[in-house]
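Next come two complexes built around chain A: one with chain B, the other with chain C.
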Partner chain A sequence: MSRAALLVLADGRLPAGGHAHSGGAEAAVKAGRITGARSLEDFCRGRLHTTGAVSAALAGAAALGVDPVALDEAADARTPSAALRTAARKLGRQLLRAARVAWPSPELDALAARFPKGAHQPVVLGTAARAAGLDAEDAAHCTAYENVSGPATAVVRLLSLDPFEATAVLARLAPDMDTVARQAAEAARRAWDEGTDTLPAASAPLLEVGAEGHAGWDVRLFAS
Partner chain B sequence: MHLDHTHDEAAAVSADAHRPDGTRRALRIGLGGPVGSGKTATVAALCRLLRDEMSLAVVTNDIYTREDAEFLLREAVLPPERITAVETGACPHTAIRDDISANLEAVEDLEDEVGPLDLVLVESGGDNLTATFSRGLVDAQIFVIDVAGGDDIPRKGGPGVTTADLLVVNKTDLAPYVGSDLARMAADAKAQRAELPVVFQSLRSEEHVSAVARWVREQHAAWAGAAAK
Partner chain C sequence: MSPASPAGVHARARIGARADRYGRTVLPVLEGEAPLALRRTRATGPAAQVTLVGAMSGPLGGDRLVVEADVGAGARLGVGSAAATIALPGQDGAAAHYDVRLTVASYAELRWLPEQLISVRGSELRVTTRADVEEGGCLVLREEQVLGRAGEDPGLLRSRLTVRVAGRPLLDQELTCGPGAPGGWDGPAVLGGHRAVGQLVLIHPRFAQEPPAATMLTDHAALTPLPGPGALITALSPNALHLRHTLDEALHRLT
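Up next, the complex of A and B:
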């Protein structure tokens, strides 16, 4: 593996659309569930161990070379909210554009041809990791990290939260991210051996409900 | 820049002048500038003037609402399917410069759905004087400021004022009321921009948007001419 390639893929400045999404944080702020650093940490921990674990396993499986079409179906089945499925495909399409320029590969081209309007973002991320010479655990780490760094950055803008506090939240979550990534890599290997039905299916109903409401707001800072 | 270079693989490079099917894509012109300087009004006026002579579409980048897209829809300057709003997550300059992926997708979807198009206008959300468009997103850019924002803006410069392909100084009709010195603005702009063009415009005058429209037509003629070669 190339440790530096992992840094490039995980960089928040990767031009792949993430800056316009809050990962459910905008809805949670409006509902009064995130009011500062402590509640942001609770929110991120919950997100990491539910949708984060699922996304990391999907990305890990894609990095191993599990059929992306089957993984995309598995992602659909694990995302009840139509608004979140739309956001995931939008972000997948944007990431694919960046990845095809950064790490040109026939597999990324095939994914773009099969999903012209976008595959689920973790599936694209895993395929991009594969093209960059990274392994399943790298892809899972990257997904786990962006699963919580997205909301943390968004809350800095939404609540004018002290950015040092937000970074400290991410630092405190690092051991959890390592655990989620390790388990996701194991789940990915199992999906390779036994099929995608074995992938985790943890869910966070409040994120799903919040996303549906958020999609109907007239005034919002973030797309999701 | 690979403006006239075709890639073997399906086009993933944004500045490529061709669509994945090999046809030449539409000319893309960006409009940026501070909040309230008249970007949306200029886009609306351009659409009204040019829509009968070329196939047009507009992408707006609103900061936290769909106001700009809705204004264009309400004014019925184009059919609704030719106007798309991109959401920018509180960072309008990011969406036109550092991470252009959402805007590129909006442009490409418009070409797929209502094309073939001659021209796509990409309007930035109102931002600061350093906000410029990536060359991966647009072929040329217009920076719109207004006389009421202070007649020292051309002197202050910044990437928008100094490097935009066209600088528009809008709302000249307000100059006497806000104490702005148009001659000084013109001299400062000339000093900052050398040979790059500047248009002074009032959408309330007889001249209206015609000077900007003329510049847009020239850009399009050059774009179409490059295709014919």
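Up next, the complex of A and C:
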């Protein structure tokens, strides 16, 4: 395993389109639910332990080599919001384009052929991690981090939040990210042994409802 | 030495609905164990109607309750409950378990519309609801979670809802809330201070061809098409009454 490969995969500068998505933060800012560093942290912690935990487990399972078609189906069922399914596939397609150049592999090619409109992003990320020689916990860590770094960066732009404050939020969330990644890797191994039904399914009702509202806005800064 | 923990109540209730040769729905299976009782009640349409009685004083910590409904091809069944289900603390701090297993055959219909689940301070309850619908089957399923009685803090509630259609997972979601739930459960991404949250799942073959468009129903309620022949309404409300009003309006709009 290459630790540097994990840094490359987790780097926000990886050209995979993530910067265009706020992870629900734009809707939460507009609704007045995120007003500063404190509520951003609460938002990120809730997101991390729900959709973050689910995405990390999906990515971990894909990194182990669990059937990506079954994982994509499991991701669909765990993403009831149609707007969020669309966003996840769009992000998956963009990540796959970058990953196929960075870590060429027959598995990434097969994923592209099977899902021309894009597979769910965590499934692509896990498969890319596998191609880069990373393991399930690496993929889960990367996904857990992305899950909160996206909204934190977005809120810097949306609220003109001090970037130092946003970074401090992420630093304070590090122990939670480690826990989520460790549990996700365990869930991934269980999915390998017992099937994808055992994957976690934690949901965040406000993110789901907010995503449908956000998708209908005429003018918005972020795609989701 | 720790004393043996007192075992909670283990009870099961079963409903089996079948279409007879005249197309009417009969109930060859209708059995409950205390504290779960089932009553066939007067129906207003062609569907058979059953009311679940007696879950109102529980479950208590340590209890394990199972409710099963199986609707055979061509049968139509409606199930409601006489009162809200109230998760209460047990004597030894053990969790209560409430499992609902629903199966709906082709050309069958199940309307599963129970009253609210209220999570009371100090309680711990795990609910799992699993619905398996065959291709061509119809399901209307409502779940409402209320966090605490009026002005009360909730207990720990973990509720998982899984719906499969023709063997494929269409919806799988779990809500964990209350003291002891993972961080951020009451924050701006998850519940944001709302004390009532509900889901209404609609499975119908017509949604495969004409999925309903995603729509906001209120500021905190949305309708979304599921990845298959179904739709989901998710609603958050300050209280149970407001939540029911939102879900009822959505149900009338879609059926």
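The working rule: the second predicted complex is superposed on the first by the 224 of 224 C-alpha atoms of A that agree within 3 Å, B and C clash if a C-alpha of one lies under 4 Å from a C-alpha of the other, contacts with A are read in each partner's own complex, and residues count from 1 in each chain.
Assume a contact is a pair of C-beta atoms (placed from the backbone, for glycine too) under 8 Å apart; a residue touches a chain by one contact, two chains touch by 3 or more.
As the structure is a computational prediction, the values presented were derived from the model and not from experiment.
Q: In this superposition, which partner touches a larger number of chain A residues, chain B or chain C?
A: Ranking chain B and chain C by residues of chain A touched puts C first.
Q: Looking at A:21 after the superposition, I want to know if it touches chain B, chain C, both of them or none. Which is it: first, second, both, neither?
A: first
Q: Between chain B (first) and chain C (second), which does A:94 come into contact with in this model arrangement: first, second, both, or neither?
A: The first partner, chain B, only.
Q: Tell me the contact category for A:220 with respect to chain B and chain C: first, second, both or neither.
A: A:220 sits against chain B, while chain C stays out of touch.
Q: So in the superposed three-chain picture, is A:163 touching just chain B, just chain C, both, or none of them (first/second/both/neither)?
A: A:163 contacts neither chain B nor chain C.
Q: State whether A:47 touches chain B only (first), chain C only (second), both chains, or neither.
A: Only chain C; A:47 stays clear of chain B.
Q: Which partner does A:197 contact after superposing on A: first (chain B), second (chain C), both, neither?
A: A:197 contacts chain C only, not chain B.
Q: Touching chain A in the complex: which residues of chain C?
A: Going through chain C, the ones touching chain A are 160, 162, 168-176, 182-185, 187-192, 194, 197, 214-216, 219-227, 232, 234-236.
Q: In their complex, what parts of chain A are in touch with chain B?
A: Contacts found on chain A: 13, 15-22, 90, 93-94, 97-98, 100-101, 104, 109, 112-113, 154, 157, 218-223.
Q: Note which residues of chain B are touching chain A in the complex, please.
A: Per the stated touch rule, the residues are 9-10, 12-14, 63-66, 87-91, 94-95, 98-102, 104-105.
Q: Contact residues on chain A for chain C in the complex?
A: Answer in residue numbers: 24, 28, 31, 33-34, 39, 42-50, 53, 73-74, 76-78, 80-83, 85, 176, 197, 200-209, 212-213, 215-216.
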